[in-house]
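I've put the structures underneath this note.
Two complexes, one shared chain (subunit A), two partners (subunit B, subunit C).
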Partner chain A sequence: MLGSGIIKGLAVTAKNFVGSYFVPERMVTEQYPEDRPKLPENYRSFPLLVSETAEDPMGTLRCVACQICEKECPPQCIYIEKSKDKKPDATGKMQLYPVVFAIDTSVCMSCGLCAELCPFDSIKMDQVFEVAATNRFAGLLLNREQLAKSNAYYHSIRPVEAAEVDARLAADRQAAEAKAKAAAAAKAAAAAAKAAAPAAQPAPAPVAEAPKPPSPAA
Partner chain B sequence: MSASTDSFLERAPIEARDWLVQLLPAPLQWFTHHLITIGAILAVFGLFFAFTTVAERKLLGRLQNRLGPNRSGLPKFSALPWHLKHKLFGLTQPFADAVKALTKEDIVPAAADKLLHFLAPVLVVAFSLLTFAVLPFGRNMVPVDLDAGLLYFFAAGSATELTIFMAGWASRNKYSLLAAMRALAQVISYELPLLLSVVPVVLVAGTLSTNEIVTAQGGWSFGILPHWNIFTPWGFIGFLLFLVAALAECNRSPFDLPEAESELIAGHLTEYSGFKYALFFMAEYFGLTALSGLGVTLFLGGWQAPCDFLPFIPSYVWFMGKLVMMIVFFIWVRGTLLRLRIDQLTRLAWQFIVPLALINLGNAAFWALTASWAGPLQLVRLGVSLALVVGPFILLGRRLNIGRGPRTYRYATS
Partner chain C sequence: MITAAPAPFGQSSGPTVRRVNDPLHGDLLEVSMGPQHPSTHGVFRMDVTLDGEVIVKLKPVFGYLHRNHEKIAENTSYLSSMPYTDRLDYLCSMSTNWAYAMAVEKLSGQAVPDRAQYLRVILAELTRIVNHACLVGFLFNDLGTSFTPLLYAFREREKIIDLFEALSGSRMMCNYQRFGGCRVDPTPEWLAAASKLVDNFPRFLDEYETMLTGNEILLARTQGVGRLDPKHAVNAGITGPVLRACGVNYDLRKVDAYGFYPRFDFRVPLGEHGDTYDRYMMRILEMRESVKILQQAFKVLPAGPIMDPKAKLRGFRPKPGETYGRLEGPKGELGFYLLSDGTPNPYRYRVRPPSLINLTLLEEMCLGHTVADAVVILGSIDIVLGEVDR
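Coming up: the complex of A and B.
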């Protein structure tokens, strides 16, 4: 009969109306400032620099100022100045560090290429989306201190990826330690051999060969 | 008038006005009397309009599983530590909207007819306010008790469509002009069914005065069944036809063709901004309120209480309550139905509503002629009247859809 469709439609909306008060799943609206959105792990906004500890972010930056990200960044928003001296990095190796590391977030397009190519797992993508500033030049140009976030924070936003990175870094560190130990042992053996056979002058060449076998295994 | 229906609350507004009027010298009394009435209508229905907009937005939200506006609260006085939590459910939204509309830039297109462009929003509000003059808001509370109140109502009410054409023409914008054409097509199609749906009431009540039509609907059968027109077969179908025609008259969804945001970028409103836009918006709601008020007056017993023991509640409360229910229903319909095409709109009017309304007129004539039937003849009367409603409705409804559906889609699957 004419009009039955209208009555069906009215019933549907009436059901919506009543349901919206009693069935929370119906409502898709997020009351944003009060209810924070739960972001998916792969959500990315702007880059951050991972530091090992939160207490000394500048001393424990993973970044070694290799400048790969600066060269690869498609909109060229990264600016890095290398240090003159060296500091031990995460694996204990002596490395340079960035004196200046700046990202212009007004230029950054959040592509995440920098985080993908960083060989030191130093630059990662943050999930901060409230980035409004009162000054569009200085306010949006983030420096080293603003970009540095602790590893714990990185774990809090991307637990899966961060655990993977940590495992890899720990393995590298172990390998480096084993290598150092082997080198030390070889050195000691060489010194002992030297002491035992002071007459054997042409010995250095085989001794230098000795630490090499463990290194490929590591 | 019995003493029980004449409680203090019932008389208070009228007596307050009369007391104020008699304070003044005689030459000013007539003028002040009407000025107070006008002021009261503007204040009450101005606020009513404000809260209708927020109710509409909140209801539409809920009908579509959204929240609707719930942010605007009190201005954030720093002395109030709890202001952040004090949002008042967004009830102050209309005032924020008003401030926004007032502070926006008023843009007049260079090619527009400046005078008409300015006059249209002014006149649309004026005409839609004129219609309030003959609505009986309560016992003895009709601003102007005209003998031909209904005629006056429709004369003033249909003039608003003229201003829509004015706005569309003066904007010198193709969308606005299309909207104006549609508004005219709509007014031609729906003014007739609107009048035809009202005529049976006039026929049975034997008067054009809105006040007397309400009085004629007084009284109750068995103390609980009021003698409202909607409870008669011809009144029921008349009310339905009135609802459809009223929706079309005030350009509301599903008959919002002149506005049609998605096709005509708001039609005649395209070239209006700031407060002029707000005036159109206001006029639209005033028109809706006035037509709802007319529907209440003609079919829902006006200010009459629904039961024998309820008249201790003042008559104007009953009127406003019924008015709110009508408006909520209109909002519900807006949240449910889709917009019609212009051909569907006119076909519905000419092939269904107009013939049905004409048959209904005969039905009402039968009802009026058989008013003296008593006893079992009353059942015959009811039966004949019902048959005159249901039969044509089904037959005409079937005819309306012949060869027009269900629609098949050649390219889209499912």
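Coming up: the complex of A and C.
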């Protein structure tokens, strides 16, 4: 019968129309500003810089200004200037830090390569998506003060990944401390052996060498 | 039908007036459809010459979305091009990623672990479903059904896109494949959700087909419209569902047997007439076959690493040489040609976009049909302008 296909189709739409009031799986619309979507942990929007504490974000930035992200960024939206001096990083090693770290979020395409390639777990992807600004140049060019977010915030948006990162950094720090301790012990042992060696001989030199104190940096 | 030779094109900016043999015959009219036309699927323009309502000449014009993709890729590292490949065919970034990763892996001889291979098949088939669902919805939009079929299709697409977001962090710009594997390992919950979605998908397809396939208006508008001759199609290098709708059995998943596709049992649907209706049915049948592949893949997905331990992300320098990696994308043969000179950037980078090459026979398909049919024919070819213009 001509028109039976159309009638069958109308039956389907009628079923969906009625179902959209009663069947939960057919209610697909989210009332966005009132109902906030629950973002998956992997969701990424724009980069952020992780700092250890919220009180002193600039002093505890994990970034060591290695410029890997700047080189690999596909649209070239990251700009970094290295510092002249050094300060200890998350593992206690003396490192440079970024004096200028700016990301032009009007250019950034949220690919996440910077976060993926950062060897210091410093740059991560944020999950903010309401990023309107009133000025399209200064408002979207974020400098390091605006990019820095505390580790606690990072934990709040990506708990699983942040826990992994913290465990890895703690292991690194422990390894570095153990290495430093071992180096210091070896040095002290060498110095002691050196000091002991002349003492065992029949004292050609009356002045015994004082063992050097192990340097803290070793 | 028009008997006179077509007028020289583009000589006047206004309507072309010329004499034809029939004294009662009116003038031909040149119309520029697009680039801001709702039915051209993006910034695509068709310069059509009309005799009444019938098309006597059609010139596709593109380039409005040209972003210099190939040249940019020649000036960035291999890895940095990966996010740009998302933006080629922005409806199916997972397959485009895979095509590029496959070309680079071929170039460097990089091995891929089993789990990553299965994941790639899963994601490529999910992408095929996303693309075909979108296409079918938009095709009906072009037919004039204002939005109902499109929203039904988008409802299902949204579920798959949410899965992509949960896995890769982005709904459409996934940036998921890497040279030598994949970026994120899916959790068991993700796999369970995806498997459930795939098992429920045939229900949607049945509903969709009940709603639309038997519809008399659809049959009247699509059957016999935009016929494509198989010889002509092969000659022009048409690939994908458009070619298979003409009855040519050519599917790279079977021909090249790339990835782990030989391990799956699936069939390649073939059309007979090469008209718009066959192209529509081809998409529906391919979605059903994709569901079959996905159900097999979720059963046999092995545990293990998703990234080859020898794979390098940064400082990646393949040996000098050239390669062409291709796969059966949702739209046709999607290929990447790479020429390496041993530096971190490719010396030459070229994309073979299926959308662009499938567009080349648009005029042949549209001649003799009305303007309203041209819109439907264009919709059934399935183009994405990000890929046409690059």
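Annotations for the structure displayed:
We adopt the following convention: the second predicted complex is superposed on the first by the 172 of 218 C-alpha atoms of A that agree within 3 Å, B and C clash if a C-alpha of one lies under 4 Å from a C-alpha of the other, contacts with A are read in each partner's own complex, and residues count from 1 in each chain.
The rule is short, and it goes like this: a contact is a pair of C-beta atoms (placed from the backbone, for glycine too) under 8 Å apart; a residue touches a chain by one contact, two chains touch by 3 or more.
Please read these numbers as outputs of a predicted model, since none were measured by experiment.
In the superposed model, C is the one of subunit B and subunit C that contacts more residues of subunit A.
Once the two complexes are laid over each other on the shared chain, residue contacts for A:28 go to subunit B and to subunit C alike.
In the superposed pair of complexes, A:43 makes contact with subunit C only, with no contact to subunit B. Contacts of A:13 after superposition: both subunit B and subunit C are touched.
By the touch criterion defined above, A:2 reaches both subunit B and subunit C.
By the touch criterion stated above, A:178 is placed in contact with neither subunit B nor subunit C. Contact with neither subunit B nor subunit C is seen for A:190 once the two complexes are overlaid on the shared chain. Comparing the two interfaces of subunit A, the one with subunit B and the one with subunit C have residues 2-3, 6, 9, 12-13, 16, 28 in common. On the subunit A side of its complex with subunit B, the touching residues are 1-3, 6, 9-10, 12-14, 16-17, 19-21, 26-29, 31.
Remark: subunit A residues 2-6, 8-9, 12-13, 16, 28, 40, 42-44, 68, 72-74, 109-113, 116-117, 125 touch subunit C in the complex.
Residues 76-77, 79-84, 86, 148, 152, 155, 158, 165-170, 173, 175, 183-184, 207, 210-219, 313-314 of subunit C touch subunit A in their complex. On the subunit B side of its complex with subunit A, the touching residues are 59, 61-67, 332-333, 335-337, 352, 393-394, 396-398, 400-401.
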